[in-house]
Amino acid sequence: MKIVLDLAQVLLIVLCAPLVRGIIARGKALLQRRQGASIWRPYAELIKLFRKEELVPPTSSAIFRAAPAVLFGATVCAAAFIPVLHASALMASRGDFFLLVYLLALARFFLSLGALDGGSAFGGMGASREALVSSLAEAPFLLGLAAVAILAHRAELAGIVAWTLEQNVFDISAVHMLALTSLAMVTLAETGRMPVDNPTTHLELTMIHEGMVLEYSGPSLALVEWSAGIKLHLMLALLVALFFPWGMASPNSSWGMAAALLLYFAKLAVLMALVSVIESAMAKLRMYLVPDFLGVASAVSALAVIFTVLVKR
Amino acid sequence: MILLLPLVIPVVGAGLLLLFHNPRAATRAALLLGAVEIAAISAVIRQVHLRGAVEEGRYLRADGLSAFFLVGIAFISALVLLYSSGYLRHTGEGRFSSPRWFYALCFLFLFTMISVCLSANLGLLWIMMEGTTLASALLVGFYNTEGAVEAGWKYLIVCTVGIAFALFGTIVLYLAGVKAGMSPAAALDWLALKNAAPHVGLDPHLVKLAFVFVLVGYGTKVGFVPMHSWLPDAHAEAPTPISALLSAVLLNCAVYAVIRFDAIVSAAAGPGFPHSLLLLFGVMSLVVAGLLILVQRNLKRLMAYSSIEHMGIIAIGLGLGGPLGLFGALLHTFNHSVAKSLLFFGAGNIRHNLSTLRMEGIRGIARSLPQTSAALVIGGLAIVGLPPFSLFVSEFAILSEAFGGAHYFVAVLFLIILSVVFGGFAHHLLGMLCGEPDRRAESSRLIPSEYTAMGIAAVCLVWFGARIPSTFGDLLRDAMAVLR
Amino acid sequence: MGLVGIASGKVLSSFSVFLFLTILLLAVARRISTSVLLFSLQSAVITAEVLATAIQEKLAEAWVVGLLVFVIKVVAIPRAFFVLTGRLKTVRDVKASTTPTQSVFIVALMIYLSYAGVHSYGQAVHVPDDALAAAVALILTGAFLMVSRTKAIMQMLGLLVLENGIFLAALITTFGMPLVIEIGIFFDILMGLLLMGIFTFRISDTFDHLDVSKLRRLRG
């Protein structure tokens, strides 16, 4: 039973990823007083792309063709560590949050390689910027997760969630506040959202993630877009699981599972609304200010780790 | 009742002064108000001297120490008011630069300083101390030039931050009192704290922490060395009468506050800790200011650094403790005020006759401004501590205490710096006095108010150097008795 | 009493977290208006703390103090700041001399130092470490803001944060000082701010800018 639920969690994250993108895009449109596309449009787009012919630059090598697959595989694997419905995950193991961070890094690494291999100038530019952003974002990501892990005395994400479920929701913990702040900033950076990167820009000189995928077409592009969606959903699910997990149920009651699912969607909706608001309210940071943004995240996450020693909760 | 008069008169008077639009009428009204105020202060001093401490309500008290400092305030304010009645004829016109604003702010400033001396409650002391900063900030920036605005801003910011730290120290002391079982009202009352300190168990750690913050905080207003950055600017850019008030009266009020806290802390945790801190700050101020005097180029900044140096001497006197040290420190507060006022008055004249305060540009004033030069020479000789002037007596007392208490290092350092300062002043003054006067002095005669004020100051320096008048000596003894 | 009592208890035990957040955000804020809003938020948290203390310790005076804090520090002073910046027509940038990353690291270091500093005193005074550390951190951050932000208005704000810290320290350890003294202190702060406002106008008139790091005529 546990295995089925864990598998369902992974499928949930993977299959609902385009929906998450659609809802956020719709939210932004509403905030900007536009009609906006339907929330199911990303699915239509994926289906369309899978049916299209794939064109590959003649100067590219196998890496260009393999990159989307590696990207997709690594991202789906990362999704297997996140507890969504109950305090357990498909591939939960001791120290798995390190694996999570580095699977995402592996995905990003191959995407950058593919972009470089594609031979376009914008791919190279996007790859180098992505390298900067991701190298700076790695520290606060790890430190934030580590701070929460140290506080919970558990080494796996599922265990941390289980520990958090036992805590009193009204005893606000300084460590959690600081870790939430830094992880929220990291989420925005890692998933290529404002203020770090604009996912809807058409100006190639301002692109980071979009620049890297310019050369892809057909099924490869579909995989790349889907992976971006899965990564977004994954990060949001991670935030929900680590900081607001109350409502997750034990595997035995089916009513509990249904309630957990509904509650999860409610929390996710709140986060998606927040992302829409932040994306609409903030302007994109110029590239030389992004290290400042991530530096602040690093300092806050370092403080979170220090606080695990200073504070009793 | 008698304590309320010196407080109410300046406030009400300041408001009334604003109604006198005619400059001459405003000046005369100010002089009258000053006379009334000094009469009120003298009445308080007399009352305290004859019948001991006077109390008014829960927040005001005048004891021997307050009376002693009030003497200084009254005397110097009289001199300053006299001098400024003539000095203001030189000030230009501006929106807030008229004499009525000057005098109104002056009296508000006086009110705050007198309240500091009359406070029984440490919280009220703090409030009034902050009030002195606020009241004098506009006076420092009175001329509205670039330098004055910068000096005023720096003064306001640095002193407010310093006093905020003093507030923290006051709170910690209050906390110590409350923790030891004193009632909230008593835990802020100076006399209650001092009397209770040996019996009630005031936590020595808290009391020492409180003293550190208070010394740093009120020490900023005194001008102790790491916190002195506002002093040269403020004293140099303010109008001359205000510079005299700042150097001669305000610094003394801040010293008064430090003395009050020192008394409590010594009673609660032993005199070793506070006195070593006072010695430390005193020596630092003495050495740094003494050395910086050598490289000054502006006459008023030179005098400001000299004030810092003398505050260092006072701190050393307090830190050495003992009857001679305390006697010397208290006497020095008065003597220094008189000498510094004289020097500032002379500088004011130079400024208006020669339009500059840069000492390199001033030559031959012995010939062009004879009376002013006489004032500067007397003041200069007095300020470096030469006999027969009064500062020699107080510095000698402090030095005796240093040698008597085997603080040889401090004593030798003191003597070295005094010699260095003597050399510096001699160099600067001789440079200004000798040589050919290369600017035509505008009016080389002083008007009566100016030379009366300077004359009185000079006479006082010589008189007190020869022998301290008996009444004054009694007041000094009363002040020391309060602290025992 | 029940729910209110529990709520006030929770406020007392967890408000320091919010204060730490506000000072971290103050370290990175790049516009004057953001900084003023953060100060307003900080004062609101402190008001909540005062009111919670009033409920828990049943002190009538604390209600008056809480009201004063709210009216003066949450409403009046921030509004005055906005009016001041509007009148001065100054550029809205904070003009910090340290980058946001450096500022946040420095503030984080200060938070750590305040914890280290209050550890020994916290035992003596029977106060939870968090609250006292928050007060000391506010004081240190106020001092840091005054030193690193070179606009005259930001120095005023730094001073206000410093005073907030001192007020909080007094509140936590002694539940406030006698009411008359508290009112006197508020009055002094208001007068001080008024004077600083006047001086800011004068600086702007005389120098045509508000950058106090450029006020270096008087030296030596």
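Note that the chains are named A, B and C in the order they appear, and that numbering of residues resets to 1 at the start of each chain.
Definition applied: a residue touches a chain if its C-beta (ideal position, glycine included) is under 8 Å from a C-beta of that chain, and two chains touch if they have at least 3 such contacts.
Keep in mind that what you see is a predicted model, and the values were worked out from it rather than measured.
Separation of chain A from chain B in touch steps, taking the shortest path, is 2. Closest to the protein's overall CA centre, chain by chain, comes C.
Distance from chain C peaks, on a Cα-centroid basis, for A. The geometric centre of chain A is 66 Å away from that of chain B, both derived from CA atoms.
Distance between chain A and chain C, defined via averaged C-alpha coordinates, is recorded as 36 Å.
For the pair chain B and chain C, the distance between mean C-alpha positions equals 32 Å. In the complex of the two chains, the chain C residues touching chain B come out as 121, 124-125, 139, 143, 146, 152, 155, 159, 162-163, 166, 169-170, 173-174, 177-178, 180-181, 184-185, 187-188, 191-192, 195-196, 198-199, 202-203, 206-207, 212, 215, 217-218, 220.
If you check the complex, the residues on chain A that touch chain C are 170-174, 177-178, 181, 291-293, 295-296, 298-300, 302-303, 306, 310-311.
By the touch criterion stated above, chain B contacts chain C in their complex at residues 121, 123-124, 126-127, 130-131, 133-134, 137-138, 141, 144-147, 149-154, 156-157, 160-161, 164, 167-168, 171, 174-175, 178-179, 184-185, 188, 203, 205-206, 209, 232-233, 236-237, 292, 295-297, 301.
The part of chain C that touches chain A in the complex is made up of residues 10, 13-14, 16-17, 20-21, 24, 28, 99-101, 104-105, 107-108, 111-112, 115, 129-130, 133.
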